[in-house]
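Note that subunit A is present in both complexes that follow, paired respectively with subunit B and with subunit C.
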Partner chain A sequence: MISEEPVVYTENLQKIFKDFWRRPRARAVDGVSLTLHRGEVYGLLGPNGSGKSTTIKVLLGLLHADGGVVKVLGKPPRDVAVKRRVGYLPEESYLYPYLDAKETLRFYATLFGLEGSKREKRIDELLEMVGLSHTGRRRVGEFSKGMARRIGLAQALINDPDLVILDEPTSGLDPLGTRQVKDIVSALAEKGKTVLLSSHLLADVEDVCQRISILYGGKVRASGPINELLQVANHLQIRLQDLDDSQRTRLLDTLEIQLGQRPTLEPTRKDLESFFLEVVAQARRESGEASGTRAEGQLAGFLTEKAPENNEN
Partner chain B sequence: MKWGRSILPLARLTCVEIPRQPALLLLSTTLILFIGSLPFLITHNLGEAGKLVRDSALAMMFLGSLLLAVPAACNAVSTEIRRGTAGAILSKPVSRIRFLVAKYIGVSMVMLVFSGMATMAIIMADRAAAREFQVGWRFLVPLFLAILGAYLIASVVNFFTRRPFSSTAFWCMALLILVAFIWTGVKKDNPHVNETAIEHAEHAGHDHTDPLAAEPVPIRWSLIPACALITMAALMIQALALLCALKLGVVPSLSVCSGFFMIGLMSDYLLAGKAAESLWAKGLYYSLPNWQHFWMADALTAGGTIPWGYVANGAVYALAWTGGMLCIAFGVFDRMEVC
Partner chain C sequence: MRSIFSIYKLTLRSILREKVALSMLALLALVLLLLPAGLESDGTIQGALRMHIRYSLGFSSFLLAAMTLWASCASIASDLSSKRLDMLLTKPVSRAAVWWGKWLAVVTMMSGLCLICGTVTLFRIHHILQQADLSPEQSEMVMTQQVTARRPIDPLVVDLTEEAHLLADQQIASGAVPEGYPIDVLYEEMEGFLKVNRNAASAGESVEWTFELNKALSPGSEMQVSYQYDGSAMGIGLTPGKWTLGTPEQPELLEYALEETPYGEKVIAITVPEELADAETILLRYENQGTDGGRVFFKTDRGVRLYFNAGNFSLNLFRALFLICGLLAIMAAIGVSAGSVFSLPVACYISAVILLLQAFSGSVEEVVEYGQPAPTEGQNVIARGIETFQYKVYEGVLVLLKPLQVESPLGRVADGVLISPTEVLSVICLRFIPVILFMSGIGIFLFSRREIGGAA
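And then the complex of A and B:
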């Protein structure tokens, strides 16, 4: 269910990178307008250098907008009170290499003022959620890229945020991890969180986003609900199950007579991700746990609790 | 209270992170070892060993503080900006001013620990070189054992618990040097050593009836204010390094800070005379850090003491200069874009 309260609002956003002499070097974002509502998963798509990450960094107050309007949760993005309600997973997992997973989450939790048993409970739940509860004292600098993304995702959710900004959340993850992250994103939206997801992995965006904007050269080239954008006009699909050869022939003959053209029949294909997940699930049942990480893509307990309207943490 | 909520964890993390870099451990160990080695490097070659050891040790501490403060500040700021961790933190409810204050406090805590270790090492080295032509091994052996012990403990801890070796060794070294310092402080002098001193003096053709040779070696407490002043100077360099680190890497920051270090040492010679005549020279003279205010080795040599009032004045000067540097750093960082 999507309410009309804008969580992120930008209008004609501009960002120009300048050289040492303050001369314009590159127009990274050029007139981007976005409106994100509560409970929505919004995708920012585009090739490398299209302005996705720059837009996100402006929304986080890390970069200054050179023009236009930017509001996050109704306030300017550099407002510290806004950041209390935002979770951010950067494009690269920027972590302190000498800390272990728990220390990393403990550090980020204390930045939000979380202390004591509440903090420890959240940390345990998040580590369980992202499948890293077994890493012990292993330093995050020794983590694989996929594990670093998982701990990055956990830190983004430590404050139970209203707005979650995920920059390439599935990059470096195996298909299983990708599926888990997508499940988590969907579950977050169901709990009323707003998710802004930036990616160039189209299948990921298609699976979880309700609306998207496609950026190229810093400009929005297409924007809208994903179902509308992907609809091909005048092309229809009929889906049927369990037809034998004679039924197929009769169906084609009938359609040819009625439509004046003989349609083609093709068996439905699974997508590769579903097939892969089936194979892995089967293998797991047969030989027990084999993956380096263990998680089922379910939300941490504290994220499923009903939050008060004016959420502090 | 709210300020502390985000500053303390960040400062604590900085304080935890910096000693985990092997470079800091190696540099601080080398400096402490060098200070501890001064008595036997100098005693048998030159006269006035006590003065030479004190001067060299204090100079080593001063220079070592510069060499430690700049990489530590750069690691806390420029490396974090480049690595992206600064951006990740600033996306949390942490204002930029708090970020910088926390970084400064975190680096300062590490620098204070190093200064503490260096101060104790200097006092032990000074006691070891108190008698001419004799090395007071009873003051140096505990120091070297403390360093060795710290490395051994860190190895064992690392082997069994996987705790980072560098930081464990650094903190153990600080603790064990403190233990060594207290132990050498409370332990009575061994008379056999004094007999050895007399034998050495005889070999060297000196009067073996030197009454000092039989006296216990007192702790020269006046070294503490001298070291405190050097620590303040180190904290000033660190503020400058933090400002440099916002825009520059380790090597350019070290170059700038070394430049300031040299000019600050010579500012009396270069600018004091001109300051009375020209306004710009006066401005430059007062805005440059004058390290001579913090270098008290000569005062110690003359047998004088350093009044704590002078140390307090030095603290005010250091605080004002550090505050100025940090204000400039806040101004720069507030407008800065963090990618």
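And then the complex of A and C:
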């Protein structure tokens, strides 16, 4: 699904924070070059203060670049036409506390020019998708962090964006919510959307991203397809199921004869996330819904519609 | 427009949810409803009405101005500090739309409150008039001099420049002026001196004013001659005087002989005679007929005026409120611009300074009008320089405050003086709207250059 059309393009991006007297205080981004293609999920990794959020804010037009080239969907990031095609989830969901979930989405939808029944249908679908359709008139100021995160995600998708920028999207979410966000990200990519994902949670990035860049001190320290970066040279893994003891011994003996070294055998483990999800799914089947968010629905209908073949950048 | 309207609606809700705004609203209601009970008027019905309009409604307006500055500063600054603007500005919304949406919401809210305050005051005035036990004469006087809208005509201003220069030259020639005394200051002082004399009459002397009428008078209609004695005349007892009014051709068409203490404001009510119907010029003369040598002074600024009944009190009050709403709109523009550039405390501080300067702009104007103080004997160059600098600062402040200065709308309503629709329209179109556009231009320019979320 990945095409060569750059959705995000930065070359030698620089961002320097200055003090009151305009003296350089911190070089937050130092020569970052990124190219994101249509249908790609791209991970931006790095410890705190590495320049991830600053890079994202430059891409969103909230901060000005001090040097280098920045193009989003082929245009400068502050272009209103670009903003129509971008969805953004900040690292904290900064919501208007006196609005309820529907009002929040309605407000943002209106800014994108969505009106009437189309808007309402989209809002209902998104609330269903993030498991908040039952919150009614409850104000978002009363939401838990996880619920606020979900409504934040819904607002980021309200305009059916071509580029989705998610800053720590799973922060504050339970494993179910985390899994769902990852599923949504994968589904979006399948539909031809580009996703830029910034996270501290390496497992999340590993699960969904095709390519990553690791930032440290404002510079890209490693970049490339995730499979290539994580590949350990000259190490191979063979997976087999249901071997009894005699089969294992025979396998080891054969390999030793053939390769001249005796390999080690280790049982396959589930990852904790899969195990947790299985337990919760079982519990749900037995005792129904818990309070808070509900089991999430399907991906919102408008997001599953077939993406146009050639999106204009 | 759609995004402006969305931001407008959201800001309106936001203002109503803020605790500070709710506290100020409660205070406003208290001021409007309870302040008159806590103030004592001079015991007259006119005093009571004036108190309601000038003080109760005036203080409410001041509170509204404070609310406007706070709400406008907070509208963008608090969204910036709470980072809600980070999310908003990633949507297809221009910063100009954010600015205008916020401004419009603050102006709507505060103008609405202002008009509500005016309506409450109007009801109270009608209530007071109904409850008051007034004689028909008193009632007539209140209704024709205060609960009305009178068109004022001021006398022609006599150019005293040449006379002042001549007098100054005489003073210099006589050696009465110290060497190095600034000539400009001397001219101003001489002109002020002549102006006072021009509006004063010693015993046996008379003083005359000329009024140009811009429209014909209707015979039988009511007009008033209003005159204010200057406070410096205090100490003089009952003084006989004669007022005559007429045209250049018939200067003594009407005569009024009065014996009164020359203090405060007085009014002579006149029914326009046939002879004045086509008059383009009216002459008014006062003759001091006292014999004890006491000199009668009239105020140099609007000491004497003619008034003609020109409208309805309620409409006049609402025209004054429209002017106040215009001022609130300018303040909102200052506040929104300050809030989009500075943090909330700094923006509030800057705006509060502007509000206070505006509130005391009358005093600043007086200082400037009074002129730079003359150098004192032995004053050194540095002290004189500081004094000059201070005066220039006052002049500069006055220039900056000029757009915010409107001749006391509530004071005029309380005195039954007409605020004409033309005046309201011209002030709003020629002064307020350009200032608001200018402020919005500066605010939006700075806001557009501002980086959001820079502390990342």
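Everything below uses one rule, namely that the second predicted complex is superposed on the first by the 301 of 313 C-alpha atoms of A that agree within 3 Å, B and C clash if a C-alpha of one lies under 4 Å from a C-alpha of the other, contacts with A are read in each partner's own complex, and residues count from 1 in each chain.
The definition used in the following text is that a contact is a pair of C-beta atoms (placed from the backbone, for glycine too) under 8 Å apart; a residue touches a chain by one contact, two chains touch by 3 or more.
These numbers come from a predicted model, not from an experiment.
Overlap between subunit B and subunit C is detected when the two structures are superposed via subunit A. Using the contact criterion defined above for the overlaid structures, shared-chain residue A:K57 touches subunit B and also reaches subunit C.
Once chain A of one complex is fitted onto chain A of the other, the partner contacts of A:L95 extend to both subunit B and subunit C.
Once the two complexes are overlaid on the shared chain, A:V80 sits against subunit B and subunit C alike. Contacts of A:R262 after superposition on the shared chain: neither subunit B nor subunit C is touched.
In the superposition on chain A, contact of A:K118 is made with neither subunit B nor subunit C. In the superposition on chain A, A:A28 makes contact with subunit C only, not with subunit B. Contacts of A:H134 after superposition: neither subunit B nor subunit C is touched. Contacts of A:T110 after superposition: both subunit B and subunit C are touched. Two complexes overlaid on chain A leave one subunit C stretch from 62-70, 152-160 or 170-178 clashing with subunit B, and it is 62-70. Residues 57, 60-64, 80-81, 83-84, 86, 88, 90, 92, 94-96, 98-99, 107-108, 110-113, 155 of subunit A lie at the contact with subunit B in one complex and at the contact with subunit C in the other. Contact residues on subunit A toward subunit B in their complex (touch as defined above): 57, 60-64, 80-81, 83-84, 86, 88, 90, 92, 94-96, 98-99, 107-108, 110-113, 136-139, 155, 159. Residues 2-3, 6, 10, 13-14, 17, 82-84, 86-94, 451-454, 456 of subunit C touch subunit A in their complex. Listed in rising order, the residues of subunit A touching subunit C in the complex are 17, 28, 53-54, 57, 60-64, 80-81, 83-84, 86, 88, 90, 92, 94-96, 98-99, 107-108, 110-113, 155. Across the interface of their complex, subunit A is touched by residues 5-6, 8-10, 13, 16-17, 20, 83-85, 87-95, 161-164, 167, 335, 337-339 of subunit B.
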